[in-house]
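These notes open a run of structures that come right after.
Okay, so subunit A shows up in both of these, paired with subunit B first and subunit C after.
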Partner chain A sequence: MTRVSFDASARVHTQSAAYTTDYKRHSLMILLSAAVLLLVMLIAGWLTDPAAMTVQLENRNLQPSLQHLFGTDWLGRDMFARTMKGLLLSIQTGLTGAVCSAMIAAVLGISAALLGRQADRFISWLMDLFLSVPHLVALILTAFVCGGGMKGIVIGIALTHWPALARLIRAEAMQLMTAQYVLVSRRLGRSLFWIAGRHLLPHLLPQLVVGGLLLFPHAILHEAAITFIGLGLPPHQPAVGIILSESMRYLSSGMWWLAVLPGAALLVAVRIFDVLGSHTQRLLDPQQYERL
Partner chain B sequence: MLLEGKGLSYRYGRNGAWLLRGREIAVSRGEVVGLQGPSGSGKTTLARILAGYLQPHEGTVTLDGRSVRTARGYHPVQMVFQHPEQAVNPRWRMRRTIQEGWQPDWLTLQSLGIEEKWLDRVPAELSGGELQRCCIARALGPETKYLIADEMTAMLDAVTQVQIWHAMLELARERNIGMLIISHDPGLLKRICHRIEPM
Partner chain C sequence: MFVWIAAVMALLSGCSGQEGGTEAAERPDKLVIAVGSEPEGGFDPAAGWGLYGSPLFQSTLLKRDNDLKIVNDLATGWTVSGDGLTWTVEIRKDAVFSDGQPLTARDVKFTFETVRNSASIVDLTNLDQVVVKDEYTVSFRLKQPQSTFIARLITTGIIPEHAYDEQYAFRPIGSGPYVLKQWDRGQQIIVDANPDYYGQKPGFEQITFLFLGEDAAYAAARAGEVDLAYIPASLSGTKVPGMRLESVHSVDNRGIMFPYVPSGDRTADGRPVGNDVTSDPAIRQAVNVAVDRQGLVDGILEGHGSPAYTASDGLPWWNEQTIIRDNEPERASSLLEDGGWRDADGDGIREKDGLKAEFVLLYPAGDVIRQSLALAAAEMVKKAGIHMIVEGKSWEDIEQGMHESAVLFGWGSHDPLEMYNLYSSSFMGVEYYNPGYYSNPEVDRWLNKAMHALTEEEALAYWKNAQWDGQNGLSAAGDAPWAWLVNIDHLYLVREGLDIGRQRIQPHGHGWPITDNISEWHWKDE
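Here is the complex of A and B:
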C-alpha cells in the first residue's frame, strides 16, 4: 500500500518536472508560429498589387475562387487584396496606439511610485477617472474632436488604454521602491530620476512589453469599430472596418464573402496578437511555470 | 564630529507600543561602539533611524550638532545589512554595484579580499560572504563618516567573520570612521568594540 502511493507520488513529481520544460518549448513553438503567421500577413499586405484593388466591372460579385481568394465586390475589386491592405493599416494604427499607451502607463505608473503620496493620489485618481469612462465612448469622442482620420484613432486608443497597465506598473514600482537596494541607492546620493532609469525600468520592461502586446488586440478591434461607424479612417482607405460597414448593404443579396472573410481575417490577426502577448508573458515570468 | 541621537522615540503603527522611548546614543569619529540586546528590542530600528532610513516620531539625529539631511546627496552615515543578497540589485554585475556610490580604489577592494573575477558576476553567482564584502566596499566612500553594521556577519562562518572584521576595522581606523556594531554575539562585541551599549 505504502509502496504504491510512493510510486504514484514519484510519478506525479517527474511528470510535473517534464511538463515544465515541455511547456516552455510548447510556448516558444506557438510564439514562433504566431510570429511567422503575422509576418506572412504583413508581407502579403505589403506586396499586394494596388492594381488588384482597382475597379474592374467585368469581374463584379465573384464568389471566392482560386483567382480571387476572398471573392470580389460590387465594383469588381479583389477582396483579398483589400483585406490584407486593411489589416496592414489596422496593425500600424494598433501598434502606434499600443506603444503610446504603454509609454503613458510607464511614465505615470513609475511617477506614482516615485514622487510621493500626493502625486500617487493624483495619478490614482486619474486612472480611476479614465477607467470609469467606457472605452468606446471615449474613443468616439476623441475621434470626433480630432475630426476623424488616423490621428484621432491613435490619440483615442493611446488615451483610453493606459490605466490598466499603469496600475500594474505602479504596484510593481511601489514594491521596488521599498527594496533594500533602492533605499541604499538613495543614501548613496542617487537621485530619484537616476533610480527610475537604472533600478526600476529594467525590472519593469518585461511587464511593459507584455502589457503593450496585450493592448494590441484591443487597439485593432477598437480601430475597426470606430471606422465601422464612420468616425475613423476615410472611406477610400481599405481599412477592415470600412470593408465591413460597406458590405453590410450587400449581405442581404447573398454576397456573404464580403463580410465573413475579412471579418475572419481580422479575428485571426487579433488572436495572433493575443497569443503573442500571453506566451511572451509565460516565457518571461518564470514563476508561472512553478504555479503550473 | 559626533553622531548623536537625542530623545529618539519610535513605534510601529499609529497605536503600537513604543519600541524606543527617549533613547539617547552617541558615537564619535574613530570610535567602535557595540549595541547589544535581545531580539525585538529595537536595535535595528535604532540603527535605521540613525542612518536616515526611518524618521523618528520624537527626537533628533544630529551630526556635529547639525541635523543630517535625509533626502538628498551622499549620506555620511552608511549602513551594512544582515542580508547582502537583498541589498544589491539582482540584475547588476558587482562592478556596477560597488561603484554605485563612489569609485573604490583597487587597494580597498583587495584589503577586503574582493577578487577581480567577482566583479563581472551577478549576485546569484556569489556567496553570502563574497556579497557582503562587496556591500562593505560600496558603503566605504570618502564621504562616509559613520558606518552602522547590523548583524553584518551573522550568517557567515567563523573564519570569514574574522577576515571581514579584521579588514573592516583596519579600514575604519585608517579613515577615522565611527562604527556602531549590532550583534547578538557578546563575544564578538567584547573583542572588537571600545564600549558596549545595552539596548
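Here is the complex of A and C:
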C-alpha cells in the first residue's frame, strides 16, 4: 500500500520534473526556429536586389510563379522583393519603436517607485493620459506633427506604446522598494540612483526584455496601419501598409496575390514576434508568465 | 440612401418590365449614373460650375458641338467689332428660366458682372463692361482684344438676376435642359427634365447622379445599380455583363514640366527658382526623345490613351508638326553627348562639369496614374543616363518645390487660353501656370498675336505657330520646356442599349465632361 503510494508520488514527481525540462526544451526549440525564420526574412529583405523592384511594364500583373514568388504588380515590380523590403522596414521601425518604448517605460516605471508620492502621482496620471488616447489616433497625430517620413512613425510608435509596460514596471519596482535588501541598502545611505542601477534594474530586466519583445507585434501592426492610411512615407516606397492599401484598388480586377501574399507575410512576421516574446517569457519567468 | 435604393428598384423593375415586349417604348425614362464627385461649391456658374461638362440647370450663350465647332445656344448670332474690343451677342426670345420668367439681356449682363466680381477660377478681368443694347441684345467691352473670350461665352451659364442670392448654388434656377429636384449632400442629386426648355427635349425624364469614387462606381455597375459609371483604366480589363466599355479620347494629359532657368533666383515669397540640370536644353530634349510614350499608354493606361506631344493634341489649335519620334534612348544619348554630358565615372549617370544629370521629379502622392507614369518614365530615361529622382508629395509641398524641381502635371482644356497661361512669359510663376519660368520672345510674339486676333480662325494659325513655326516653338520640337507623356482616355461603363451620342474629345477631369451632350442621350430603338 505504502509502496504503491510512494511509487505513485515518485512517478508524479519525476513526471513533473520531466515536464519542466521538456517544456523548457520545447520553448527553446520554438524560440530558436522562430529566430532563424526571422533571420531568414531579414536577410532576404536585406539581400534583395533593388533591380527586382524597378518598373518593368512588360512583366506587369503576373500571377505568382517560381520566378516571381508573390507575382508582380501593375508596374511589373516583383512583389516578393517589395514585401521583403517592406517587412525589413517594418521590423526596423518596430525595433526602434519597441526599444524606445521599453526605455521610456523603464525610466518612468522606476522613477515612479523611487521618487516618492508626488512623482508617482504625476507619472501615473501621465500613463492614464496616454492609455486613454487610442494608439492609432495618437500615432496619426504625432506622425502628422512630425511632418511625415520615417521619423514621425518611429517617434509616434515610441510615444504611444510605453504606458502598459511602464505600469507593470512601476508595480514591480514598488514591490521591490519594500524588499529587505533594498531597505537595508537605503539605510546604508546608498543613493536612489545607485539602488535603481544595482538593485531594481537587474531584477526588472527580464520583464523589460519580454515586454519589449511583446511590443514588437503591436509596433509592426501599427506601422502597417499608419502607412496603410497613407501617412508618412511616399507612396512608391515599399512598406507593408502601403503595399496593402495599393492592392485594394486591384482586388476587384481579380489580382488577389497583391493583397493576400504580403498580408500573409505580415501575419507571419507578427506571429513570429509574438511567439518569440511569449516563449522568452516562459523561459525567463516560468512562474508568472501569465502576468503580462 | 432610401431614395437611392428606391430609384434603383424602380429602374430594375422597369428593366424587367420590358421583357414582355408588348411595347418597345417601355424602357425606363429614368437614368442612374455615377460620373464624378460632388461639386463642392454647388451649382453656381459664378463659382465655376459648368466649366467641365454640361451646366445641366443653366444654359450658355454659345456651345461647342460634338466636333468642337462653336454653335449658338442661347445666342442667335454674334459679331466682333473691327478693333476686337466689342463683342455683340443677340439672344433668342423664347428662353425662360425654370421659374417662368423670361431670360433677357439684363440677365446676361448680371451674369457676367457677377462672375467677374466673384473670386472664382473663371478669369474675366479683361472684361471692361457689359452693355444692354435692347431687351435681347447685349454687348461686351473688353480692355484688350482677346480671341479666347469666346470660351467665356461657351462656358458661362446664364443666371437669373431676379432669383440670385447666397442660396443660389444650392437651389439653382436656370434655362438649361434640367431642373434640380433633390440634393442629398454627399450622396446624390436627382434632376428632372425642364418642361420649359427651349432646345431639343432631353431623352430622359429624370436622371440621378450618384457621387461615388471610381472604384465604388465600378462596383455599382457590376451590381447593376447604375446605367453609366466612370471607371479607372486598371478595371477596364474585366467584362461587366450588360454593360459596354466606352473609351473617350481626351486632352486630359500628363507631362513633365521642367524648370527652364538655371538655379539661383527666388520667388517673392522665398521659394527657390530654377534648376541647373533641366535648364540645359540637351537634358529636356533627351527626356522627350528617350521616353516610350506608346509604352506608357500600353503599360499604364492598358491601351486606353494616346501619346501626348503638347497640351492640346487633337484640338483645333493643335499643330501636328509637334509630333516627335520617341523611344530612342540611343538618339537621346547622342543628344546628351553633343550637349557635353558624359558618364566619366561609369555609374550609369552622365555628368557635365562635375554636375550629375539628375533632378527631382515630383508627383502628387495620391494619384496612382501619375505615380506610375513618373516611375516608368524615370526607368526609361535611365537608359540614356539621366537620373530622375521620383518623389511623391502633397500639393502644398509641390507648390513649394515646383519652380526648382520637375513636376508631373496634368492639364487639358477646350480653351486655347490654357496654352497662353502655360507658356507665356507673363505667367511665369503665376499660380500653377508656367512654374518653370519658360520664356521665348518669339513664342511670346505668336501667343500675343493669337490672343489679340479678331477671329478664332485667325487665332488658330497663331496658336499653331507658337507650338512650332519652323524655328522656334514651345513644343518638344522647339524649346521643350515640357515632356508631355500621355493623353488619358476616359473610360465609362455604359448599359447596353443606352446611346450617349458621339463623344467629343474631353478636357481634363474624368467624369463630368461626359455630360456635355447629356440632352442627346436616349435608349436605342431595337
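The rule is short, and it goes like this: the second predicted complex is superposed on the first by the 271 of 292 C-alpha atoms of A that agree within 3 Å, B and C clash if a C-alpha of one lies under 4 Å from a C-alpha of the other, contacts with A are read in each partner's own complex, and residues count from 1 in each chain.
In this text, a residue touches a chain if its C-beta (ideal position, glycine included) is under 8 Å from a C-beta of that chain, and two chains touch if they have at least 3 such contacts.
Values in this document were obtained by computation on a predicted structure and should not be read as measured data.
In the superposition on chain A, A:Ser253 contacts subunit C only, with no contact to subunit B. Of the two partner chains, subunit B is the only one that A:Arg190 touches; subunit C does not reach it.
Of the two partner chains, subunit C is the only one that A:Thr54 touches; subunit B does not reach it.
For subunit A, the partner touching the most residues, choosing from subunit B and subunit C, is C. When the shared chain is aligned, no partner comes close enough to touch A:Arg271: not subunit B, not subunit C. Residue contacts after overlaying the shared chain place A:His26 against neither subunit B nor subunit C.
Partner subunit A is touched in their complex by these residues of subunit B: 51-53, 71-75, 78-79, 81, 83, 86-89, 91, 100-101, 138, 141.
By the touch criterion stated above, subunit A contacts subunit B in their complex at residues 179-181, 183-190, 199, 202-203. Considering their complex, residues 54-58, 60, 74-76, 230, 234-236, 246, 249-250, 252-254 of subunit A touch subunit C. Remark: subunit C residues 215, 218-219, 222, 232, 234-235, 237-238, 295-296, 298-300, 365-366, 368, 371-372, 375-376, 378-379, 390-393 touch subunit A in the complex.
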